[in-house]
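These are the structures in question, set out in turn.
You will see chain A twice below: alongside chain B first, and alongside chain C after that.
Up next is the complex of A and B:
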C-alpha cells in the first residue's frame, strides 16, 4: 500500500512539474512571437488607415462623378428639406411630386428629426429637370405640439435655367398663429 | 444721366441677388453636411465637406474642426491631429458642438491635453445639458489623467449631483485616490456620494456595481475585509461585474475565517458563469482549498480530483479549438451579427460573439480592447472591400451607359424635327396675323364673318340676283320680273338685318378664339425654345464622362486589391492573436491543473504521513 502511495505521489509530482517547465520554454518563444505580432499589427493598422484614407478620397471622387452622371449641371435640381425650430410640428414623412411625376417619399427616424432640429438640412433628392417652369407639390405629415396628426400642404412653381436649381422645402414655426407652415425657396 | 442710374440700379440688384443666392446655397450645403454628420453618415459628410472647403471665413474654420472630428471617428487620427494643430495656430471660430465632438475623439484616444484644449473652446451656454455634462466629465477625467487632482475635484463639485457623467467623473477620481494611496473619511464619503447619486438606469446600476467592486478590491488589498464585504454585498447579482464580485466576496469571507460562507458565492459562480472565466477557474480551486482549511481533507481531495478532470476536459477542448482556428468561421459569424453597416469608430460594434463552443472560449478575448480594435479593423476592411467591389461593378455599368448615351445622342435626329416645328410655327403665326386682319376688316364689311349656313345664303342671294338680272335683260311682256325683284330685295334686307344683329357677338367670339390661338402659339414657341436648349444641354450627359469613369475605375481596382490583401493579413493577425490567447488560456489551465495535482499529491502525502505516524487511515481516506 505504502509503495503504491509513493509511486502515485512521484507520478503526480512528475506530471505536476513537467508542464510548467514546458511552459517556460514556450513562454520565450511566445514572447518573441508576441513582439513580432505587435510590430505586424502596427504595420497592418497603418496600412488599414492608409486604405481608409484612400477610400474616403475615392468616395469623394465617386460621389462627384455619380452626381455628374446622374444629373448633369444643366438639368440638375436638388431638393432639400429643413426644419426651423420644430416646436409646432414634428415631421413623420414627406411626399413630393414634380409635375405630378418623380415622387419623392421619405419617412423620418428620431435621429434624423433630431438632426433637422439642430439645424441640419436634409438632401432629399437630385432630380433631372428640363428647362422651363415646373410645378412642385409637397405634403408633410407629422404631429403638432398637441400631439395631433397634421398635414402641411404646398403647391408652387419653380423655373429651371441652365444652372443647377436648388429647392428648399422648409417647415417653419409661426409664433403668431402658434402653428407651423411649409414654405419653399429656390436659388 | 437717368439712364445710367437705371443701369447701375439694375446691375447692383442683380449682384445682390447673386450674392444672396450663393450664400443660401452655401447654407444648404452646410446644413446637408451637418445632416450627414449628425445621422452618422461620415463618408457622405466628407463629400459635402469638400464642397464646403472652397468657402472662406468662419465656415472654413468650423469645417476644419468637424473634419478633424470625423477623421478621428473614422480612425484617421494622424491627419486629424495635423488639422487640429493648424486650427490652434490660426485661431478659431467654430461652434461649441464641433469642439465637443473633437474633444470626445481626443478623449477616446487618451490624448488628454488635446481634449482639454478642445473643451476650453466650448461655450457652456451653447450646449444642451446632456452634452455639457459629457464635456464636464471629459474635463474632470482629463485633469485626473494629467495628475491635476485639485482641478478635477473642483470640476466635480460644480457638476450636477445625480448625472451619470458626474458618477463617471467620481469613479475616475476614486481610482486616482486609490492609486495615490489616499484613505480616510474623505474617500469613504466620496465612494458613498458616487454610489448614492446615480440615475436609476441600467448604465447607472452598472456604474454603481463597478464603483463598489473597485472599492471592495481596494479594501481587500489593504486588509479591510469588512469594508470590502460591505461593498460587495451592495452589488447586483446580474451585472457585468457579478463574477468578480462573487469571487472576491468568497475570498473576503475566507480572510475572516468564515469558510462555509465563502463556499456559497463560489458555487453560485460555477453554476451561473462560463467555466473559462478566470474567476470561475479560480473558484474551482478555491472550494477545495477552503475545505482543506476546514479540515475536510477527504472532500477536498475528491473535489481536487474532480477539478483536475474538469480542467483536463477544458484543456482538451481548448487544444481542439486551437488546432482548427484558422478554418473556423467564428470571425465571419461575428461580422455577420453586426447590425451597423458603417465602418470606423462611430460604428456601433456588438462585442458578444455568436453562441457556440468556440465563442464560449473566445468571448474572454473580446473583452480586450486591443483585440476588439483589431476585429473592428478586420470588419472595416471587409466592408471597404465589399464597397469597392460594388463600386467597381457600378463603374463598369456606367461605362456601358455612357457609351449608350453617346451613341443615342449621335444618332438622334433632332435638328430636322426642330426645323419642321419651327416652320409650322411660323406658318401658324402668319395665319394668325391674317385672321387678325380679317377681324379688323369685319367692321367695314356688311356681310362680315358669315357662318357656313349664312355663306350658302349669300351665295344663293348672289346667284338669284344674277338670274333676276338675266330675266330683266330678256324682259318678256308675259313675265312680271318686278315681283321677283321686290321679293329678292325683301329677303336681302331681312338677311342683312339678321347678320348685322349677330355681327357683334360673332366678332367677340372670333376675337376670343384668336387670343386663345395666340396663347397656344406663344406656348409652342417657348416649348420649341426649351427643346432647343435641352438638345444643346444633352451632350453634357456623356461628353468627357467615359475618361473620368475609366480613371476612377482604375483607382478603384487598385484600391480594392490593396484592401483585399490587407483583409487577409488582418485575419491572419487575428488568428495569431487568438491562438496566443488560447495558448495563454491553456497555460493558465496547466497552472491550475498543476496546482490541483500538487494539492492531491500533498493530501495523499499527508494521509501517508499520518498512516506512518499512527498506523491507521480515517474512514474517508480508506475509501
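Up next is the complex of A and C:
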C-alpha cells in the first residue's frame, strides 16, 4: 500500500513537473516570436519615420524652390496692415492699389479690429514687383471716435531694390490733432 | 442636331443649378459683407450662435417692411439669436434703416454671395448648417416663420 502510494505520488509529481516544462517551452517560443515581431515593427516604424522625415524635407525644399522661382528676391514684395491703438479710428475696410493695378480689398469685422488693436499685424498680400519706383494708393474706410464715417487716404512712392520689399500700412493715432492717420513704412 | 445639343446643354445647366442651390441640411458658405449701419459682418464669426438671415428683394427705404422682422429678432435676442438683413442696391435705391445689421451685397466683393430666390429667410444653426429656408411669399408668412423660429430655438439640440 505504501509502495502504491509512493508510486502514485512520484507519478503525480512527474506529471506536475512535465506540464510546466511544456508550457514554458511554448511560452518561450511565443516570447521569441513576439520579440521578433516587435523588433520588426520597431524597424518598420523607424523606416516609416525616416521616410516621412525625408518626404517633409523634400516638400520643404520644393516649396522653397517654388517660392524662389515664382517670387525671387528681386521681385518679392508683401503688404501688411496694422492698427496702432485705434482710439480715433475704427477701420471697416481697406483698398490698396499698386501702380493702379493689383487691387487689394479687405473688410474688417469687429473681432478682427479688436485683434488689430491688441497688436496683430495682418499680412494682406504677397506681390511681384520689379525693381524701381512704385506708387501705392490706399484708402481706409471706417468710423472716427464720434461714430462718423471717415476715410483715410494715402498715396506714396516706394522704391524696390534687388531685396524683398515689405510694406506696412499702419493706422496710427495722433493725440495732438485728436485724429488718426494712415502711414506707410518699409521693413 | 442643334436641337439635341440645346437639350443636352439645358439638362446640364439645370443639374448644375440644382447642385449649387442651397438646401436645408447644407453647410452655408462663408461670406463677409459691408454693413450700411455698422461694421462689416462675417458669417463664420457667428459659429456658436443661432442666426437668422433675411434676404430682401427690391427694397428702397423699406424699413416699414422690416419692422416685424426686427421685433421678431429682438424678442429672441435673449436666447442668443443673431439676425442680419441682407440688401442689394438697385438703381438709386436707399438702404433701409434698421436696428439689425443691414449688410450690403456688392457684386465687386469676391467674398460675398447673393441668394436667389429672394426675399427669403434662413435659420442657420450654431454649427453653420442651414436648418430652415423660407422662400415663397415670405412677407405674407411672418406668423409661420415666427412659430418655426420659436420651435427651432426651444428645441436647442444642435450640439447633441
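To be clear about the criterion, the second predicted complex is superposed on the first by the 117 of 187 C-alpha atoms of A that agree within 3 Å, B and C clash if a C-alpha of one lies under 4 Å from a C-alpha of the other, contacts with A are read in each partner's own complex, and residues count from 1 in each chain.
The rule is short, and it goes like this: a residue touches a chain if its C-beta (ideal position, glycine included) is under 8 Å from a C-beta of that chain, and two chains touch if they have at least 3 such contacts.
Just so we're clear, the structure is a prediction, and the values are computed from it rather than from any experiment.
**Q** Mind telling me which of the two, chain B or chain C, contacts the most residues of chain A?
**A** The partner with more contacted residues on chain A is B.
**Q** Can A:118 be said to touch chain B (first), chain C (second), both, or neither?
**A** first
**Q** Touching A:74, do we find chain B (first), chain C (second), both, or neither?
**A** Touch status of A:74: first partner only.
**Q** Tell me the contact category for A:90 with respect to chain B and chain C: first, second, both or neither.
**A** A:90 sits against chain C, while chain B stays out of touch.
**Q** List the residues of chain A that touch chain B in one complex and chain C in the other.
**A** On chain A, the residues that contact chain B in one structure and chain C in the other are 111.
**Q** Which of the residues in chain A end up touching chain C in this complex?
**A** So the residues of chain A touching chain C come out as 90, 92-93, 105, 107-111, 113.
**Q** Within their complex, state which residues of chain A touch chain B.
**A** Listed in rising order, the residues are 2, 5-6, 8-9, 12-13, 15-17, 19-20, 23, 26-27, 30, 33-34, 37, 40-41, 44-45, 47-49, 51-56, 58-65, 68-69, 72-75, 78, 80, 82, 111-112, 114-116, 118-123, 130-132, 162, 166, 168, 185, 187.
**Q** Contact residues on chain C for chain A in the complex?
**A** Against chain A, the touching part of chain C is residues 32-35, 39-42, 45, 109, 111.
**Q** Per the contact definition, I'd like the list of chain B residues that touch chain A in the complex.
**A** 21, 24-25, 27-28, 30-32, 34-35, 37-40, 43-44, 46-47, 50, 74-76, 78-79, 97, 343-344, 374, 377, 380-381, 384, 387-388, 391, 395, 398, 401-402, 526-527, 530, 533-534, 537, 540-541, 545, 548-549, 552, 555-556, 559, 562-563, 566, 569-570, 573, 576-577, 580, 583, 587, 590-591, 593-594, 597-598, 600-601, 604-605, 607-608, 611-612
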